[in-house]
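Once you've had a glance at the structure underneath, I'll fire off some questions.
Labels run A, B and C following the written order; every chain starts at residue 1.
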Amino acid sequence: MKTLVVAERKGSELRRVTLELAAKARELGDTALVEIAGERYSPLPFVSALAKKVESEKPDLVLLGATLNGRDLGARLAARLGRAYAADVTGLRVAGNALELDKPMYAGKVRAKVRLDLPAVVSVRPGAIPLKGAAEAPQVEKIEADGSAEKLTFVKLAATATGTKRVSLSEARVVVSGGRGLKGPENWHLVEELADALGGAVGASRAVTDAGWRPNEEQVGQTGKTVTPDLYVALGISGAIQHLAGMTSSKVIVAVNKDPDADIFKIADYGIVADVFEFVPAFTEAVKKARA
Amino acid sequence: MKILIPLKQVPDSTVRVKVAPDGTSIVTEGISWSISPYDEYAIEMALERKDADPTTVVAVVTVGAARSRDALRQALAMGCDEASLITADTAAPLAVARALAKVVDETKPDLVLCGKQASDDDQGFVGPALAELLGWAHVATITKVVPVEGGVELWREVEGGHEVWKAPLPALATVHKSEKEPRYPSLPGIMKAKKKEIPEKALSALGIDASGPTWTILSMEPPPVRGGGKILKDGDAKQIAEQLATALRDEAKVL
Amino acid sequence: MRPFVGATERELAGAVADWASRKGVAERIPAAEKEGALPRDVIAELGHLGVLGMTIPETDGGLGASAVAFALVLEELSAAWPSLAVGVAVNSGIVAGSIVRSATDEQRKRWLPKLMDGTGLGAFALTEPTSGSDAASLRTTARPDGNGWRIDGRKQFITNARYAPFAIVLARAGEFDPKRTSAGITAFVLPLDGPGVSVGPSEQKLGLRASDTSALIMENAAVGADAVLGEVGKGFAIAMAGLDGGRIGIAAQSVGIARRALEIARAYAKERRQFGRPIADFEGLRFSIAKAESDLAAARLLALRAAWLRDRGRPFTREAAMAKLYASEMAQRATHAAVQILGGNGYMRDYAVERYARDGRATTIYEGTSEIQRIVIARSLLAA
């Protein structure tokens, strides 16, 4: 089994997902890492350079991170090479001369196992592959993006003028959500202060967005956003099914609720039966201390 | 300008998806279907162009089961001008892209807007694959399109801002979001859509083989049930808060 | 498949339900109910959506939808927000209906666009401080003045008065005749921005608080001859015809109110646990829901039957009265059952059922009380 990992960098550092992919690839057999060097990602120059590399090296599997650019590059590469393709998988194994993949579908409402024939192109969700111990710095071969293939012109980078520095809900590693237990929009500073202490995003239950306490875009749940952070903190949320659908795939769930029978406790890893007004300020302080 | 939007009909986002007894598909009986959300954004983006310039023609097409006609009808009711259906009960993703490439060859749109991914398989393959088959450049996950001299400017959200790319026409982009929320079909729009014809062709009649590289679904299951958490209750609020922060840092390793 | 309902009608109602459920309408409710007025932008959206022009013929620029479709749409609007449904029912039901039935081409061209462009909602001014159920005893007068008329009087409980571009005002031209009380009653189209017309303070109501209800005061208000709707002295028939159709609307509203209250109650009953199990497991509660849902289904069929007859040009006065009577009484029982199922939570503002119970209370009263419906039904059954 020969795997080519497409490396991505953030600044000068390899992205964590690249290390994860490299670890997985080594587990599968022969591994090579390639990084496409160009001023910025653009599909044609990148796919052209990468396709040439794949045609010469003939790896059985090309692995990319399911990042903004990785997903795009992977799809176009698969189309160019006529290879089988799966995006945003959360697990992969070799089964005979094919791959067996864990593939979330229907916005995470279904977990599928799929068989993908080799040769294949697969993008893997960041954080899905556990990194055991300190990852050794892998060797990465740099290839140049094929500028001659470009048909687009880069115009500019327009900085986003958003009022908040907080991370976006769907990409956040930590999400702190508030529910009806917060009593009213005037108490949201409790949610925000905890989110800031944790470096996370702010969410809300449907009851809260329906009541107009918070904007719709903050709604977590079946009709809102589906989030899969490392840490999800539910404050004053009872845990209606529709809310649970949007956050049960979080790695660790903390629930704070006054009602010991609240459904949210059934799925929480850490439950605190307490008044949010009393507990949250204390927890925010404790987090600041623990992270210091 | 003529804009083409390939769309996909998927289970409505409010549907509670259930795995069928065969364990490799979902229960589709009695569920409601809609246009995939990112495709709706693409339609809204196109209709915003049409609002600004009424000479804009917006067409939609889908490759799918016969029931997909309802999704096309919905797009017409939102204000799209034309719709066509290519029927195929199953088709490999690359075959879908081939069929769409044929539609593009025949109808010659200036701009093709695809939703960045469909909300059923969450693959995001067909848009880039269509651009590949056509030999066009594409810009992924855009949030805005602006016509400019000699083409269009396509805005793409990246960390810390928007990359702005200029593409000559014809161009293709996959859509992450429109500036406004997708509009609702107006009641007159629904009545008008009823009177429009939606031409239908079978995939095979286009001379396209439905096969291609694809996956085989081995099993499907609902997300695992969680449980076995612990309730922290020893001490006052401050003590519990400290226990929790410590547990999150040292035990769960998420701080 | 629902009896009386075609595919297109279902689709139109579905589109409105979709709009009401997803467009963030719900989040506008608390503030608007507190403030006591419908948000103008929501009215504008209904215009854009084509709901306001539903009942107006295509030749007049409307949708020309059936009475069945309109009833279904009112049910959906009412389920989403009863106060909004009331405003639409008056605008597109009684007001638009009266103009479509009785106005000259000139009048249609002038007034109908204002009822569908979303800039406001039309009003219908019949009730007065001393004439409610006995509508024909109204005291507002219209005196000939040159080529036109001068109107004097005070109208009460006028829905939409605060955002109406105009009202249809019933006034008496000529002397009051105790033997023929309806004689001389004439319908006028009165723009509300003219001299001598003012809107009184908004009433403070038990429910439907976002739906404006105000007095309309006319002091020597001048209108031209072209303001007369239909013929001079034939206004009472216009009002009664309007109310017939309006009753189907109230029945549909009642159905929508009851439906949503019961939906909330059912969801709650399945989630709320007491004594170690969901309260939906307790038979007392199951029976309450079973009965309420059966009554709801019956009420909906009555409303649709009346609308269906109307669409076929058949008499429907009795059927509309039956639908209004049954559905509005049903809504009282259903919303109170819903409050009971939610227990203490049902009494709190946080859960919407208390609002549905308050809003629903009006349905047995306006556009003819339950008692008046019984009179109408009995009169038609027992006529010589």
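Methods note: contacts are C-beta pairs under 8 Å (C-beta built on N, C-alpha and C of every residue); 3 or more make two chains touch, one makes a residue touch a chain.
Nothing here was measured: the structure is a model prediction, and the numbers come from that model.
Trainee: Measuring from the mean of all protein Cα atoms shown, which chain centre lies nearest?
Mentor: B
Trainee: Could you let me know which interface, A-C or B-C, is made of more C-beta pairs in contact?
Mentor: Pair with the higher count of C-beta contacts: B-C.
Trainee: Round to the nearest whole Å and give the separation of the Cα centres of chain A and chain B.
Mentor: Computed value for the inter-centroid distance: 19 Å.
Trainee: How many Å are there between the centre of chain B and the centre of chain C, using C-alpha atoms for each centre?
Mentor: A distance of 40 Å separates the two centres.
Trainee: For chain A and chain C, what's the span in angstrom between their mean Cα positions?
Mentor: Here the centre of chain C sits 50 Å away from the centre of chain A.
Trainee: Taking each residue of chain A in turn, which ones touch at least two of the other chains?
Mentor: Those would be 223.
Trainee: Which positions in chain C are in touch with at least two other chains?
Mentor: Touching at least two other chains: 22.
Trainee: Considering chain B alone, which of its residues make contact with at least two other chains?
Mentor: Answer for chain B, listing residues that touch two or more other chains: there are none.
Trainee: Going by the contact rule set out above, which residues of chain B touch chain A in the complex?
Mentor: 11, 13-14, 16-17, 19, 26, 93-94, 97, 117, 119-125, 127-129, 131-133, 136-141, 153, 155, 157-158, 160-168, 174, 212-227, 229-233, 237-238, 240-242, 244-249, 252, 254-255
Trainee: Could you please specify the touching residues of chain A with respect to chain B in the complex?
Mentor: 40, 42-44, 47, 68-69, 71-72, 75-76, 78-80, 82-88, 100-101, 103-117, 120, 150-160, 173-174, 198, 222-223, 230-231, 248-249, 251-254, 265-274, 278-279, 282-283, 285-287, 289-291
Trainee: Going by the contact rule at the top, pick out the chain B residues touching chain C in the complex.
Mentor: Interface residues on chain B, with respect to chain C: 77, 181, 184-191, 194.
Trainee: Contact residues on chain C for chain A in the complex?
Mentor: Going by the criterion above, the answer is residues 22, 24, 26-31, 271, 273, 350.
Trainee: Which chain A residues qualify as touching chain C in the complex?
Mentor: Interface residues on chain A, with respect to chain C: 180, 207, 209-212, 216, 223, 240-241, 261, 263.
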